[in-house]
Amino acid sequence: MVIADFIPKNPGATLGFIVLTGIAAMAVGLLFMGIGRKLTARLQRRYGPPFWQSYIDVIKCFSRNSISHHYIMDLGSMMGLAGLLAAAMFVPVAGHLPFASTGPLIVILYLMPIGYLGMAMGVSASGNPLSAIGIGRALTLMVGYEVPFAVIMLSMIASFNTTGLLALHQIQQAGGWNLFTMPFGFIAAIIALQGMLAEKPFDTMIAPAEIASGPMVELSGKFLGMAFLQHAVAIFIETGIVVNLFLGGGRTIWEFLLKQFVLYMFAMALNGIYARYRVEQATRFLWFTAGSLAVVQLILNLLA
Amino acid sequence: MISLNIFSVSTGIIGVFILGVISLAAFGRVRKLQWVLFSLATLYLLFLAYNLYGKWGGAPEAPEGMIFTLMNTHLGWLFFAFSTGVTFLISLFSLSYNDKKHATGIAPLWTILMAANTGIFFAADWITFIIAWELMGWTSFFIISHGREKSFQAGIYYYALSLIGASALLAGVFILHSITGTFAIRESIQSASALWSTRPGVLYAVALFFCTAFFTKSAIGPFYMWPAKAHAEAPDDFSAFLSGIMIKYGIFGLLIAVLPLFASYAGPAVKGTPIFLYILGWVGGLTAVLGTLLAVRENDMKRLMAFSTVSNVGFIVLALSTATVFGLAAGIFHTFNHMVFKAVIFLSMASVKFRTGERDMHRLGGIGYRMPIAFFAFLLGIIAAAGIPPMSGFASKWMVFQSLFDNKLLFLAIPAFFASTAAFMYLYRGLHSIYLGQLPPRFANIKAAPPVQMLVMLVLMLMVFAVGAFPGIVLMPVKAALGADSLAADFMKIEGITSSVNLSVVAGIFMFAFIGTLVLYIIGKPRKKVEPLDTYTSGEDPADWDMTPEQYHYAYRFYEPFEKMFNPILEALSFEKWFDGFRRHIVRTSESFGRWLHRPGSGAFVLTTALILILVMGIVVW
Amino acid sequence: MTRNALVERIEAETGIESRPRYSNQIEASVPRERIISFLSFLKTIGFEHLSNITAIDWIQDSTMEVVYNVWSYSERIHITVKSPVPRGNPVSFTCMGLWPQGRVYEQELHEMFGISFQGNPTQGPLFLHNWKDIPPLRKDFDTEEYSRRAYGYLEEEQ
Amino acid sequence: MSDFIKVSRDEIMDGKMERVLDFFRARSMWMLYYCTGCGAIELPPSMTSAFDMERFGLGPMATPRQADILLITGYISVKTLKRVIRSYEQMPDPKWVVGFGSCPVNGGIYWNSYATINQLEKYLPVDISIAGCMPRPQAVLDMFQKLKNMIQRGEAVGYKKYKLNYDWYKKNQDEVLNREEPVFREDELFSAPPEQISGEKITAGGNR
């Protein structure tokens, strides 16, 4: 009986859906990346690459030989992508999920770190100090944006008494968007999202001119491709979370993707116009500005 | 009526105690034999636990005419079984760890400590509890200061705090007895809980004393700093026991004594949680944050993990402070998980120290290339400690958060989130600085860990992963021990009010995704292995600059920006100076007393006065 | 103090005749034995900045000139002190005691001209990579021939 | 002394299967350029809004591990050559070298300098070169178009030539980088008549 509910009703379809979700997450993220590059180019008065450039880049990366310093590096890269893909399985897309789950937010927030931990393990096995510095900055920044995001989740609990993204999606489909009912939380979420996506002004972990693209300094060929895919899936997950939390989740898949797209374009526009924070400045900003906004939202929700 | 049955608890305690004394007295020369005896003792206790299962409560078995009473409660049995099991694995590890070079003579004392361990978990009255507690205290003191000067300083520090705790416990117990008239643990607590309305002041005192006692033992709140000293200076294999099991005695004490008192408090409440419990929760949360911040600053790997232990204990207290069934289950679940994953972390570090003899992380590096099993043990350990699926820590941390959400203690969850996210920082630092990065040439040809150590680590890794995928393995017994049928948790699935998670599905999805990435990895073009120093250096050849791997290993002051942010705060609120002063005071008084005793004649004086006193008392009694 | 006054003062106090050259420049020629004392004297009268040290190879009369360019902020006057050293034994004295930055200039001169400065501890290679020939800035070094031999062109087309 | 193994391009070109991947390689060329010479000054204009290089999928990369193209922008001194070779050998295959400006082709205005090499082809397999001092951004983009076509047709096989003739290249590199004996013999040197120094006492540091 216990094993029975572990095995889904029709395994074939569930398996297909899981694979489909994984591929879709990567594809959507790469598409967004391409269009984002186009947008950045237009902001800089350039023509910009075609929007399918990211696909070409990833395929090219996988078509090149690669170097590795130790098998731990390979293992870490694989762990990195796997963690993000696993997290993507729990994000409800317009209420659809590859298998029966509630879209538990805490599980997603704790499945993504295994991706980052894996990537960190891989790049620090490469033995380059620059990559270790980049990972150190990334983890510091992570403490910065996880705290406001957690507070936003708490305010959701305060209002709706659930952390399931699916339930939040249904609630917003019935009532209005949370964007209008909890604006401070939304602003905090936008700031935290900028930090999650590691776009400017929070891209101190990459810093190509400073620490030679930080964690990716030793990544070549397919490892770089996996890093690209990881970033793509991260875009999908993080924008998806915010859409499910604040933008009503969307009735159809296309509406959902559109909302994700708008969020990511906004992030890229900010990325195009801002300079880079130092890591402790970024962390302070995330705590004090975004965090205080989120706490205000939490207090409001508790009083309401 | 003392039962001569070999499966009875009292036989266990006394037998193990006598065994320890014998091995201490007789086999001082043959240390291997002492360790074998210790392993046999733990094995016997494990056997005892197996036999005691199901024989709950009943008449407290008491030797004839003695006030020592023992009772086999379900909860105590659970703690006893888990601690003994983990200790058995550690003892196997110690068998191979204590070779010619690393031998320490702590085995018999540790055996006696196991007797004390049994006593603490099976005591039915406060006298037995206190005696076992004291036995635990001084044996562990002697083990921590195992004949090394530095360790001796740490041991004195630890013992000073234990003195505070023990005396506070004694005082609390006597007050409790004076108001309830019984020494039996359950009855006294129950009857005391009824007195909140009539005699609150006395209960405040009792609760304060108990909290002091158990906080000192578990390094909660202002007593956060002794693990960093004691765990770091203790023998490496004992550190695993110290950090995994001994620090949980305070948790057990909170469970049996303090929580019932606080939960029955009828005064003001925060969202239905009695005010004292709420304060306890904040103490736990702040302890978690404090331990995390201090761990991020550490450069000594054992001190770092000791502070991580402090942070985890804070989590446990946070969960217990809700005093709901879910919260208690979460706390106990996290206690057992922490036993296992902290044991595996410390044992992995012990085998690294066994091979390298280094404790400073910036002097290590790249050890994982030479000792893969130790590396993977540490990796799984920190994944669990960070509370990341699919390892065991996630299930219990998820339950901790859920217990807070369910009671709407939302502000309490903020420090918890901060601590559990910042935990990634120091855990990753340990992974990078010890096991990854550049391998120093002087460690270029160290061997992998000995097979027995590897075996123990593998078993513990398996436990960590199995509990992560199937939390029911631990959660079911906990549920049974609490008699909590309302706890909606089965073998794979845990359901809180605000959310529910099926951890087997999470683990399965992760495995499936890993297979998918493996496919991607295989279809990619082949990879070429290069030398560790062949990295991007802007075209410079490190050899031209006489760059050695040690210099090239980025490990020292790893999180300098973060430290700069928090240093002022941490300097501001440091209890350490005060406690250092306390330790010095104790040392001075005891030394002066000792000097007075050693003065010729004074000993005789003491002896005669004692004799006269006994005479007088005898006459009076007669 | 004007340029001519400086010239006179220098001659009066050291007995070394110096010629005014351009509007704000003085040129003096000092024998190798007195160069350090002369430079220290210049520093005392306000020439506190050593702009650079270079050298000239007069191959016909087989001497090399070490040229110190010193600048005075107070007088806004630039003095060029030339001290000839024989080509056969190009040895002079270091001015590190007066200007610490002289160390690098002297090291460069040692590498490029083969002039060694007594008292300067760092006389190793500075710019050239694995140099085995005579110092390249000497007049008798045929750089075109060197380039042809060392980095010659490929004969045939790959 | 190992001779250069002459192979026709068709012998070492990839098979048909690789041609599919070459399509993607040609459309996403990431370049690594150290500012070895003045040529690097022509790259910012070709990247920024006037001639937008990124629209062909070209982009600068931070490290050799990530880059496909090694740009040699301008003259190469001997010291630079060492770094360039190390960077080239750190790049994973397939990789291409671009000689940028006249100096990598034949030394340029430094043709008779004792410090800069003359012909890059002796030390690294150059796939394509641009003449000019400096080449304008139009020329740069034109070069990248030609390189793109070469890669797409699988004709840019410099890295295979390097593998094939590694010891030949290595010999040339060693001639420059680790020379054992001087280039000029003693009797070739025109030296001034040695002049006897009067034996004055030289005290270290002179008279301060």
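When the chains are written out, they are named A, B, C and D in that same order, and each has its own residue count from 1.
The working rule: contacts are C-beta pairs under 8 Å (C-beta built on N, C-alpha and C of every residue); 3 or more make two chains touch, one makes a residue touch a chain.
Note that the coordinates shown come from a computational prediction; the quantities given were computed from them, not determined experimentally.
Visitor: Quick one: which pair of chains has the most contacts?
Guide: Going pair by pair, the biggest contact count turns up for A-B.
Visitor: Which chain lies at the heart of the structure, taking centres as C-alpha averages?
Guide: A
Visitor: Give, as an integer number of Å, the spacing between the C-alpha centres of chain B and chain A.
Guide: Roughly 36 Å separates the two chain centres.
Visitor: Roughly how many whole angstrom separate the Cα centroids of chain A and chain C?
Guide: From the centre of chain A to the centre of chain C is 63 Å.
Visitor: Distance between chain A and chain D based on Cα centroids, please, to the nearest Å.
Guide: Roughly 40 Å, centre to centre.
Visitor: Per the centroid of Cα atoms for each chain, what is the distance between chain B and chain D, given in Å?
Guide: The mean C-alpha positions of chain B and chain D differ by 61 Å.
Visitor: For chain A, write out the residues touching at least two other chains, lowest number first.
Guide: 63-67, 212, 217-218, 221
Visitor: Return the residues of chain D touching two or more other chains; collapse runs of consecutive numbers into ranges.
Guide: Within chain D, the residues that touch at least two other chains are 63, 65, 82, 90, 92.
Visitor: Mind giving me all the chain pairs that touch?
Guide: A-B, A-D, B-D, C-D
Visitor: Could you pull out which chain C residues touch chain D in their complex?
Guide: Touch residues, chain C against chain D: 33, 35-37, 40, 59, 62, 86-89, 91, 93-94, 97-98, 118-119, 127-130, 132-134, 136, 140-154, 158.
Visitor: Under the stated contact criterion, what part of chain B meets chain A in this complex?
Guide: 366, 368-369, 375, 379, 383, 386-389, 394, 397-398, 401, 405, 408, 410-411, 413-414, 417-418, 421-422, 424-425, 428-429, 431-432, 436-438, 472, 490-493, 497-502, 504-506, 508-510, 512-514, 516-518, 520-521, 523-536, 552-555, 558-559, 561-562, 564-565
Visitor: Can you list the chain A residues touching chain B in their complex?
Guide: Going through chain A, the ones touching chain B are 2, 5-6, 18-19, 22, 62-70, 72, 74, 77-79, 81-83, 85-86, 89-90, 99, 101-102, 104-107, 110-111, 113-114, 116-117, 120-121, 124-130, 132-133, 135-137, 139-140, 142-143, 146-147, 150-151, 154-155, 157-158, 161-164, 212, 217-218, 221-223, 225-226, 229, 278-280, 283-284, 298, 302.
Visitor: For the complex, which residues does chain D have touching chain A?
Guide: Residue list for chain D touching chain A: 21, 24-25, 27-28, 48-49, 52, 54-57, 61-63, 65-66, 68, 90, 92-94.
Visitor: Over in the complex, which chain A residues touch chain D? Could you list them?
Guide: Residue list for chain A touching chain D: 37, 41, 44-50, 53, 56-57, 59-60, 63-67, 208-209, 212-213, 216-221, 224.
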